[in-house]
Structures are given as C-alpha cells and as structure tokens.
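By letter and in written order, the chains are A, B, C and D; residue numbering begins at 1 in each of them.
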C-alpha cells in the first residue's frame, strides 16, 4: 500500500470478446506510463463477453484525465467501463428495519477502518438503532412505511439518499420490498441479503418451514436487489450446518451470523470494485 | 472394540414422549445385567415424540432373547423399536446407472473394511460396471429399463433383491424413478442422492441452469427415496463453492465429488443404525 | 421455552464410569417428580470416565433444595457435579486490549439478548473501548500493565473481578499472559482465543510467518487459559481459506472474523453449560 | 472445448516484475495470431516477482515452433517459462504403500477420464494393490524397501520411472521418505500428502496424539516433496470437524477421506498446469 495508493486507478470493464483485447488495454496503460498492479479477466465463451478488472498506478499527474482517456479508449473497443479514482472513497447508505445484527456488523467494520469508505446515513422504518447511530455520529432518518404511505415513504427515502450521493445502498435486513420505480429512480446498485435453503421454501416463516422439513444446512445469499423478490444477481452465498438438535430459535440465530458474514463480504467486494453484473449473473474478481 | 463387540446390541426407538422414559429403559438394561456404552436421545417437543439410540453390552448369553425381551418391554411403553445384533452384519444392494463414481466410492469402502457389512449385489440398467463387479467378486445383474418394460423390470429387481434379503438399498446415481409400488413391495429403506442448489431449479439439466443463474454454491442431498421425486426425509447435505471461473463441466465434476462424500456418509450412518425417520424428517445420532 | 424454563435445572457431571449410572441418575430425577428434557452423555473408554449433561424440569417447588439433593446423590456415586439454576443468569467479565473486534462482537450479542447473561464489567490495559462501554452502560476499568507493575495490575484486576463474582472471564484479544497465580486466585474458568496455523509457527508475527510459508488455511482456536501459553483445553476451532492473492493484511482481517465467530461460539457453549473439562481435553455437548 | 482444444497452448511464467510485462506478453501472442482464452497473473510485491499463466489458441500451424518462439521471447524478458502443448497428455506415476485409499481415488479419476493424462505405472513396497493394477491394466512394480537396501531400492525406482518419462510423481500414501539424492536424480516434481493438525504434533502416531489433545479439527496438506519431511511448498490444505464423540479410528477414517480429496485436487491442478513454485511457496491459479 503506502505511497503508491495515491495513484491507484481501478477499472471494471465488460463488452464483446475479441482477439487482442488484453494486449490492447495493457498496451494503452503501458504507453501512458502506467504500471499494472493486478489484472484479472474472464470470458463467458457461450455469450462471447469479455470481463476485466485492472488496477494500475497511473502514469500521469492528472489521474482524472487519465481515467477519462482510458474510458474513452475502451469505449472505442465497445467496452462498458467504470474507473475508480483514489481521491474518492466510496459512499454508501444503510436501510435497516428492526433486526440490527447486520447493521452493527457493517458499522463496526466501518468504525475500525476495515471498510475504506464513507457511511453517509442510515434510514430505518423503526427507531431501534437511533441511539447507536447518535453514539457513532451517523445521520439517522426515521421513515415509517405502511401499505398506505409506501409511495410517499419511497419518495422521502429517495430524497434523503440523493442528498448524500451514494455509490450504492445496502439493505441490512430491511424488511420492505423496494419498488421497481424506487430502484429506477435511485440509479445505483442496492445490495440485499436473504436466507436460502435446500430445498427452497416459498411463503412466510421460512425458518419454521426449514425446521419442519428437517434440513441439515441453512444458507444466506447476498444479491443485488431487483423488483422481483430475491431474484437479483447473486454476489455471495454460504451455509452453516444444523441438525435435529437445533430448534427454530437456533436456526434463526445461526442464520443471523451467516447473514452478517455473507453481507459484509458482499459489501467489501463492492467497495473494492470487484463485482461486474451481466444478465442475472455476476463476475466477482476476488 | 475387541471382545465386547461380540455382545453389543444397538436399539433405535421412537414413540410418545412421557416422563420417566429414560429411567425406565436404562433401568431395564441395568436390571438385566447390561452395560450402556452410548446413549443418545432427542425430543421433538412440538410433536411430543421421544427418540433414542442405545448401544449396550448385553447382560445375558442369549443376545437374541435379550433383544426380543427389550423390544417387548419397549413396546409396552408405546415405543417402536428395532434392535441390531452383533452376529448380523447389515446387508445392502446397489442400484447404479451409467455414472459409476458413487458406485466405486462405496465399493472401495466396502473392500477396505471401512464399511462393516455385506454388499450383496449390484443391479444396473447398463453394462458399464459389470467388469469391475466381476473383478471384485460382486454379483452383477443387468436389468434394462424402458418406458415399456418398467413394471416388468421392477418385478425382476424385486426378485433379485428379495433373494439377498437386504437391510437397505442404495441408489448410487440410479437414474430411474422407483415407483411407489416398488418401494412398497421392497419394504426396506432406499437411500438416494441428488444435487441441490440455492435457489432450487426445476426441470432438466440443473447444472446448466445453476450455471446460467450464476450460483456460488452447489450442493448434494442424501435422502430416503419416496415415490415423490427428491422429496424424502433428508439424511445429509453438503455444499461446495464455485465461481464464475467454473464452467458447467466443472460444476458437474465438483458435484460428483460431493455426491460421493454425502452418499457414503449417509450409508455409514445407516450401517451404524444412527438414523430414525419420522414424518418428513430424520433424527441422525452422529 | 416459555413457562417451563422457570423450572429448568442443568447438571454437568463427570466421574468414574460404572454400570448402571445412567439408570441411577435418570431414576433419581424420575422418583423426585422431574422430567428430563435433554440428556447427553459420553464415555472415555480408555480413561474409564463418564460424562453427562442433563436438563430437566424440576419436580419440586424448591429448586435450590432439589439441585442440592441431586448433587449430594451424584456425589455418593463418585461424580463431580455442578447444577445451574433458572434464577441465576451467568455472569461474565471481559478482558480486552487494543483490538476491539471480539469485544464488539460479544457486546452486540449481549445487547440483543442472543446471550442470556449479565455482562458485569470490562477491564482493559488501553482506553480504546471506554467510550463504547459508556454508551452501552457497561462498567469500564482501565488497568495499565507493564513489565514493572504486572503483579500489582493482576491484584487490581482480581479485586475488580471478585467484586462482580463472575462465573467465567473472557479474554477478548487480551494481549497479556495471565500468571498461574492470577488464574489460581481467580478460581473461575478463563476463555481465550488465539490464531492457529497448519503448520504451527513459533515466535512473533505469526500472520507474517504464515504468509511467507504460503499456507492455504488460517485458523483460530478458543481454549481455556492456562499458565502455559495456548496450551489449555480446546473448546472450538475453525479455519478459513486463503491463497497467494491474500497479503498479510488480508490474513489478519480474515483472522479477525474467524476469531469473533470461534470465540462467541465458545462463550455461548459456556453460557449454556455445555462444556466439561478433563485433563487437557473438553467434552462439548453441543 | 471441442475443436479449439487442438490448438491450445498453456504457459506458466515467473520472473522479475517490470512495468509493461503484461502488455509485452499479450502483445506478442496477438501479433503472432494467437487468441488468449484465459490469463491469470500475480505479483509478489515484496519480492518483486511476477507470475503468469496464459492459455491461448495458437496462431500458427506449427504449435511446437510457436511455443519455442514464445519461450525464447519470454526468456529475453528474464522470465522462466514452461509451455504445455495439446498433443502431449501429462504422464505421471504413483508410489504407494499399504493404505490404498488415495491410490484407488486417483485411479478411478483416471479411469473415468476426469484426469486427462497417462498413468504410466505404479510402484509399491507392498503387493497389496497388484491385483487391482492388473485388473485396470496398469503396470505394477514391486520394489521392497528396508533400512539395508534403501539406496538400491531408490536406484531401482529411478530406473523404472525414467523408463516412463513422467512429468511428475505422486506419493499416494507412500510411507517411505525419499532421499535428497533420489529427488535430485528424478528431476521432476513429486507431490506428497500428509495429515496436519492444530496444534501440530511431532513424533509418531499423530492421530493418537490429536485425540489425546482433544482437537476439534483434523487436516490434510498436499505439498511438493523435499528432503526435509513435510516441509515442501504447500499446494492445498483442508480440514474436517471432529468432536469428543470420535475415537482414534474415526479420526483415521475421516483423515483418509480428507487425504483423498486434498491429494486429488493437487494432482488436478498439476495436470492443468496451474501451479508455480517459488521459494517455499506456491502460486496456484485455480
């Protein structure tokens, strides 16, 4: 790390696969005096799509100009590209309801500088975490949501979020479904976490269903939110073992620990610009 | 182990929970000169069912009589009970189709005495594993199955299986669904293995579906076969991590390794009389 | 749970194995009107030791008297026994140095009632977590430790701890070795957490050593503290996968997450009276 | 896969890191009409070493010439490089003693074409696996080893191995230490598997030691053999959970399963040219 981090650029690219693309992009960086530190790439051969993440130490004084020029060059090759600059720490906001375990886990990582970012604000439909937010110096916004006021509440949330210009938003056990309209107006990725089981269960009280079916594993999945519930591109998944000795309460407790681990890993990858989405899938350059 | 194994009895019990049942059963064994080596128990408090596995060194010369008397006594308490005797190694048979990985895994464990049992015979709707069976000295039966001859084929299988009196049957990647009629006539448990995913996929080519959905974990589930496909009581489950780097072939290969591990563990527990089934669930005293 | 929890007794027993012991203990509870809810037992056959954990709903109005009578009876069988009563929530204290991740993890579990206990106080040789303790309403004691004042500091710690009468103490990344004298005077178990590697590394900077050796797994071990560093009976262990892509910083970060999970699991088992120690080993009835 | 596999070249490179190296190598392939399919790279920033694995579809008719030219070019950049050609399936040989579980696991993978390779021969200091080798059509060589004849035995082994020109050798639970002289004369990598524990145990009967110490995890490590026992560069590691319920026999059984999985994964990576060794470490491009 150290000094060089001041000059570090990170590009995430995707686009039509073609011969020579790696040589083309690395050649551009070399000719402009840059030094590639990491590069990872992937090809979806069936779809003919090329993906790449490149970290390099910029070759010029004006990194904004260098990023822009790289972006312009990659675009001529048909690539979609985002470049992250070292003078901008990613900004995110948290949506949370009444179960605060994921909220606390994320906040502690932010407070202890495990996450290099700015945690801009917390929005909740409950007052539960207000005292903790105040202790941590985190702006807290209480936005109650009901069947009647949903549109209004979403507008209020959009207003709050736009004011802090987040790079992404995290649903840390936010128990409301976000509308397609909300996601469209927000315009930045939203990361969500949900439990998942083998086999899957539809309907309410999934831990009760899992228990009555005698599953031996319970899982959690972090994914990007879409208007269709739990159907967004998967970022990360993990499971934990359970047995007949575990009651519904144990399943819920073990599920909570898993949700923390899986969600915080997904957020870490998002902060480090490691995730590319295409169709219903992700490429995670971990 | 050693000498005492000659006198070892193992009981699996289940029935209505009632106060004093542990004292009653352990008292019976004590009064009859037995010595409890292991005992494990479980209560389903919602259903009011009691489950127990007891291993003890018999207190008498005639272990068959002792087992019978214990069984009779437990029955008066309303318990269903099976008692395994040390002079009977469990017997099982294998059903296999064209993918032999689970077959080979089970057979090597049997050959190297990891499984204390008698592997009575192998039935297949393909000739693939015949030469290996012959090398290992395993009776091999080729029973081709088609849409037209299914009933006939099942009758032939029942005939072969009845002749060897198996304690249970293992579907080691046997790609045919067994009819309710078959399972009823067979009258002993059938253990099956199938892949499982988060989320679950219906329809054919599940690994292709999992790949196109970008799952980060693939799983395998061992369960008791029922007439409803993949719906039987779950015995064991495990998962393995995958990423965008893994193509469909990799998923299938990793799935195979997982199937071997999960199925052989389920068979080991069956051989050691560790599994009790109730409703759609199992209690596994591991 | 619910009503019956008011009457729940939990006994942990160990002692010389003998025929009939299970019948004897369960018979005693039955005759005294109790109802066994869970019972788990283990035999170390080589050492001839019997271990048991029994949870039962007491049969009398005076649970203290019932616990005492059970204890007296078990003693006549040569067993060491502790009985936990429903009107006493376990009490513990935390020792912490400068790395607060385990401290925060434990405190959040306590705050959200995942741990049923009283967290009596926090002692640290740094001021780092004082503001958080004040926010959470946790008594905080700053006891600086140096080579010169170690005896004095330990006496001060003993004084603080004795005042709160803890059932056990947790070293949540407390970076000082506790003397044999301290452990003896304290007289209650102390749970510690440390990293562990395959192969093991001696000397300082173990994560640097692990990195330079190219290990593919890093681990954490929770154990009871003894005067010999990291040599106490193991309660729990887990590992996480690493690769050449991970630098020393990544190893440390992954190690921290692992330490939280492993330590909090060990504390949960301690709170639920699930751990028996004998010699250098534990029996964990999970 | 399919047609293009006929033209697939795989290079493994390592050498001093320098600016522009990625551009240089990918540019060379592009100019020679090749098409990069996968590329993975790593930098050890402290040591200043660059590592890369490149798979590409060759741009010429004469792939041998193209591989040679690439190798010559990379050498001018100070890189050490090996290039694998599509018309050469890797060749390996197995050394095995009396425990055949790893032998059987590897052989089944080879028989079912999971491993694309030629299994040239099997050498053993016991006759145990001879009948299986004969059944599988595998050349079997019995080379007894004792304290007296060790040099002679190693010479005989070298003679047998040289005749089949292996790309590498696998010690599938071969219980003899290979001398530095043997490894030097052999001149190709030797992959070994051993158990590993947290904490580590020195001396004989490690499973007995692990059991008496009450470990909660047992592990296995695949590494390259060096003259110093179990000290070679680590390729892969994994662990499995155990408890007080498991006796020494269970630990050994679970250890066997783990050894199979860990060794076969290491062999798969070797076959796919995914491993680079430097100093006491490996880079595994998985």
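Just so it is clear, a contact is a pair of C-beta atoms (placed from the backbone, for glycine too) under 8 Å apart; a residue touches a chain by one contact, two chains touch by 3 or more.
Just so it is clear, the model here is predicted, and its values are computed rather than measured.
Any chain touching chain A that also touches chain B appears here: C, D. Seen from the Cα centre of chain D, the chain whose own Cα centre is farthest off is C. Averaged C-alpha coordinates put the centre of chain A at 37 Å from the centre of chain D.
Touching of two or more other chains is recorded for residues 245, 286 of chain C. Within the complex, the chain B residues that touch chain A are 42, 44, 196-200, 212-217, 219, 221, 230, 233-239, 243-245, 280-284, 286.
The touching residues of chain D, when paired with chain B in their complex, are 1, 100-101, 104-105, 108, 112, 114, 132, 135, 245, 249, 253, 256-257, 261, 286. Residues of chain D that touch chain A in their complex: 19-20, 22-24, 26-27, 29-30, 35-41, 43, 45.
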